[in-house]
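Below are the structure tokens for one structure; questions will follow.
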Amino acid sequence: MARPRLGVFKLASCDGCQLTLLDCEDELLAVAGAVDIANFPEASRRIEPGPYDVALVEGSVTTPHDAERIQQIRAESRLLITIGACATAGGIQALRNLADVDTYVAQVYATPAYISTLATSTAIADHVKVDFELRGCPIDKGQLLELLTALLFGRQPTLPNHSVCLDCKLAGNVCVVVAHGTPCLGPVTHAGCGALCPGYTRGCFGCYGPSRGSNPTAQSDLLARQVPDESTIRRLWQGFTTADPVFAEQASRFTGGDGE
Amino acid sequence: MTAAALDLWRPVPMPVVSKVQETADTVTIELDARDSPVRFAPGQFTMLYAFGHGEVPISISGDPAHPERLVHTIRAVGRVTNPLVAVEPGQVLGVRGPFGTGWPVHDAEDGEVVVVAGGIGLAPVRPVFHALAAHRERYERVWVLVGARTPADLLYREELERFAGAHGFDLRLTVDHADDTWDGPVGVVTRLLEAADFDPSRATLMTCGPEIMMRFVVREALRQGVPAEKIWLSMERNMKCAIGLCGHCQWGADFLCRTGPVMRWDHAMHRFDVGGL
Amino acid sequence: MSDERTIQVDYLARVEGEGALTLKWKDGRVSDLALSIFEPPRFFEAFLRGRSALEAPDITARICGICPVAYQMSACNAIEDALGVQIPEPLHQLRRLLYCGEWIESHVLHMAMLHAPDFFGVPDAMTLAQTHKDEVVAALAAKKAGNRIVATLGGREIHPINVRVGGFYRLPRPEEIDTLRAELEAARPKLEAVVRWTGTFDFPDLERDVPFLSLCPGDVYPFVEAPLASTVGHRFSPQEWGQHVVEEHVERSNALHARLDGEVYQVGPLARFALNFDALPAGLQQLARDIGAAPPVRNPFRSLLVRGIEALYAMDEALRILDSLVLPAEPSVPVTLRAGVGHGVSEAPRGVLYHRYELDDDGLIVDADIVPPTAQNQLSIEADLWALADGLWEMEPEAATLRAEQAIRNYDPCISCATHFLTLHREPG
Amino acid sequence: MSRYRLDPHDLDRLLERLQEGGRVLIGPRLRDGAIVLDRIRSTADLPRGLTTVTAPGRQHLLDRADDALFGYEVGPDAAKRWLHPPRVELWRARKDEGGELFFEGTDEPPKYAFIGLRACDLAAIGIQDAVFLRPGITDPTYAARRADVRIVAVQCGASAATCFCASMGTGPRVDRGADLTLTEVLDGEPHFVVEVGSEEGEALIEGLPVKPVASTAPEEAAARAAAHQERQMPGDVRASLLNALESPAWDDVAARCLACGNCTLVCPTCFCTTVEDTTTLAGDAVHARRWDTCFDQGFTDLHGHAVREGVAQRYRQWLTHKLSTWHDQFDTSGCVGCGRCITWCPAGIDLVEEARRIGGSG
């Protein structure tokens, strides 16, 4: 089998998800030997034109230019895989979707006219068809390797969509809700991180977005029993996957603070 | 006791010896089981393992008289069945089994047999045809009522016709949607059942297909007077281990990999209409 | 007929984030030079408004996946300043430990994977590994050790989850500390080998006398310790930052440029090294001299060597902290939310990172200001390019392009960060 | 059963004895604010002077006035975590050049000893035995870990607010399944009363500095614990739930249930697993098993849809399996009344209350 041609593309993001690939220190050279890294500017000056067998796309669409670029990337790629909360859900920068972006520009830049931006930060799937997604802010190294080995092998990656609680118990973490009364989004959050936050005695803040078939309404009800301040609950839902419709719906149940 | 000797989780490698394309998405493959013959009852299934992709339950669709030839008919629908359907002769699969319960081919002796199957549901009853053919004299009339979405989705069509000719089965086929190759009946398989004039008091009915199809088949059979304890069906649930340890295939108190997939209607009837059980 | 030449790098590779370079000559003289940043803006400072101060470390980490610890540390320092929280020594040591991990990881990533390929004329580290397998493998092992520190203390390598205002969520467990120590000990000689190897590189000549700014506590090589000092006589606290550093917004860039009392200046390894060399252990001072990095180092290409020395320092410091670790009883000190203004600095691998927050009575952020290192260095990078550019005129286009890119990569510029250092302009009223 | 007296400072001798021959000792340990089961080596690793305050969805630790080593109720973990591990590689498959497949086992089962298990834990092991060691169907992972295990139980002297073992007939008295049973006596001069429950138990204390005693401390402790228990599983639950399969009452609990699966995961008898197939970069295929939960929607996936789509259907599966159909499958209830699922449910859902409400027993 010819080595699949890999492209890694960045839109609005922090670089962290693609850095995950370079953080696979033990496997990097083997991966580099197995795939043809045709376009990965963070790692290589060699930038070859498409088509690509696999495109890893990091970041959300926030500019008119990127809205066009993602069409181009899709057209050139056999498989398009989104990596990370920005690409799968708009990222933390999707908080702009709740505000007036012109005000934001004016608040941040002295000369707003120099800035070209869209009113929203949107997930890649809002623009083009996505073949697989790796959730998380950032993605998990083990999941990235699983995805890459699956692609090399020609099989479906094993990327479970159950909730963090299952992984929390697999890991032997102590439940922070029960032991400490700490608010935790684990029950409704998509697995993949290995239940990291509860393992460090803090509540999950939902950076993998919603899990399949869970009960976010019951989660909100529980949070309302735990946390007196509504705006705190709203901010919890409005985190790194704030634009996800499931989380956004729950956030809309809570007002308070200055965000209503 | 050594753990390895008891390891029911571990497959046995078997090479593919032949592959027949049945329909656009379905193939029949035969595995060479001479080294470890799979003696099975019609209706039983194995766990088939595609290297690196995983294991899925697939009914044995071959002739029970030939345990050294393990035959399966597989429809490509996803993660594991896609690579299973793509195997070529010479490649090796992993096999565990056989597992589960079988059709009542012995209990059905000295009476009529009515087999009603839809779509891929024909695969688990195909061994029944072999078993009945092998002892044709023990049975009265044999009805084979088969439904498919379109003529192109009909499984084993020529073979069924050959069987029917050679062994005197009353074969009736129907499709949901006809095309220009089709001049047979159009409609659901229950219509065939309505039209078949078997003696309900002497018949054993075996049905396999989507749950919704089986619901109507059973309803019609009961209406015609087939006793509940002579109606048999094959249930499908997610299965991961096939040895009653993973919990996935539970349906009420049944582990369908052990006390199913084939069961009598009077065993199933109290739950069959409970949604999402 | 006039002779014109252009170097156009549409996509600067092997830097973090998206930027481009245009260099034009006319009749042998540079006529235009532009380092533009087209990384899309993400408006962190705007949406931080209304968020809780306690969220600042997690949120601002997302400005940069390469140096999230720096963001978390500067944010904690600033919020703790605003809330009057004192961090006891054991927790301060754990923060240094975490920072050691980020320095090692980031420096080795930059040295071996992003910068070194330029010195061999190859496109990337994977290609470099074909001729220098042992060195690349050793570098990967050293980098991994850095990542292990961050993952052990922070939960994961990128965007650690264990940092909070007031300390940490949980303390490392004894068995985690033992494992980490063993991993660092095994990686130490590999890192040293990599550093010695970089000493053999062929460094282009370029000397620029630019003011350096870094933290300079005096007694220790700094990660999070104020005050700041410069090589031109400044000495000021984080609270005085705004009196000295001013940013401007230019058209071609989504980032802002900073000046120190009106002057172009530089932050980062060379600045730290120049201002804190005396705080390095004697052995590392000697090693620095051995590999060609005797202070002051003013050749930006040689910043590669200084990164190596700093990475080794971070490795040794991490081991020292682990050996003398006294775990506190609690992973954090109590924090009470209230109104206030706070300033925080820390030394990101690329240089000083400044945060400032204004909080209301509920501890919600009403105003935020973040000045990352790349923004501060951008004018210096351009100055380097001007200084180099005349010489590039003579070179083959490909070699000239490479040299210009290499000069930019000297700074390990983090463009993802640069576009998010966003001065919040207070609305009237 | 013969009874002996063991001084607290001699407990370490017993712990050493338990670890002879490379046996891995699992016992209670303080971690992140809860008492979990984990590897321990000596009494220094045991939680000392702590007690638990337990309620639905809540378990806190508090200091005790004394130095008790076992003065708390069960935490989230049970022996299941060790005998039926959360993840285990079942086998690896390799393909040689000729395309032949090889299936190789990779499990290297450790030998375990447990200390600190309670009556409910022993009953739960009995239930998992029934699941995993059926005639003709033996799970090799479980069998290998279970075969040569040593168990030192502790007799409860108090019950948590969520315990209801008395009504399940599984406790609080430890009367079977342990090699040794310790009753911690704190009045007067602190000591342990050791009951011997097996030949292995006899061998464990041979040569230890123990003295025969005639003590009724175990019975007294058990009576105290039983007297605490307010929760009672209704006696007719097996039938009443099955009669309520289509009751709208399931929707009520489904509105509160997070579908997170914590109840099944902390339950010492729940055994469901799934398998995950992956490949290594070197091309080997890994077939691994991990705990699964019937609360996950994907648990009942058929091609294109899940059978138990809604939370009500999943909660019904869990409760009816535990309390009804388990009897048909394994001749026992699936519940030992340990209360873990009540305590460790983040939403504090109480299966006893739900069983009453849904089954209509008040």
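First chain written, first letter: the chains are A, B, C and D, and each begins at residue 1.
Everything that follows uses one rule, which is that contacts are C-beta pairs under 8 Å (C-beta built on N, C-alpha and C of every residue); 3 or more make two chains touch, one makes a residue touch a chain.
From a predicted model like this one, the values you see are computed outputs, not experimental measurements.
Contact count check for A-B and A-C (C-beta pairs in contact): higher for A-C. Remark: the per-chain Cα centre closest to the mean position of all protein Cα atoms belongs to A. If each chain is reduced to the centroid of its CA atoms, chain A and chain B end up 43 Å from each other. Remark: chain B and chain C have CA centroids separated by 65 Å (rounded to whole angstrom).
A separation of 25 Å divides the Cα centre of chain A from that of chain C. Spacing of chain C relative to chain D, judged by their CA centroids, is 50 angstrom.
Each of the following residues of chain B touches two or more other chains: 52-53, 78. Across the assembly, chain A contributes 153, 155, 201 as residues in contact with two or more other chains.
Looking at chain D, residues 32, 277-279, 292, 309 sit in touch with two or more other chains. Chain pairs that touch, as defined above: A-B, A-C, A-D, B-D. Contacts from chain A toward chain D in the complex involve residues 27, 30-31, 34, 145-146, 149-150, 152-153, 155, 158, 160-163, 165-166, 169-175, 177-181, 184, 186-188, 201, 212-215, 217-219, 221-222.
Only residues 11-18, 38-47, 49-52, 55, 58-59, 62-66, 68, 105, 109, 113-114, 117, 123-127, 129, 136-137, 140-141, 143-144, 147, 155-159, 161-162, 164, 168-170, 248-251, 253-254, 256, 331, 364, 405, 416, 422-425, 427 of chain C touch chain A when the two sit together in their complex.
The part of chain A that touches chain C in the complex is made up of residues 10-20, 22-23, 25-26, 28-29, 32, 37, 41-47, 59, 62-63, 65-66, 91-93, 95-96, 99, 101, 103-111, 114-115, 117, 121, 137-138, 140-141, 193, 196-197, 199-202, 205, 232, 235, 240, 257-259. Against chain D, the residues of chain B that register as touching in their complex are 1, 3-4, 6-13, 49, 51-55, 77-78, 90-94, 236-238, 240-241, 243-248, 250, 252-253, 255, 271, 274-277.
Looking at the complex, you find that chain A touches chain B at residues 153-156.
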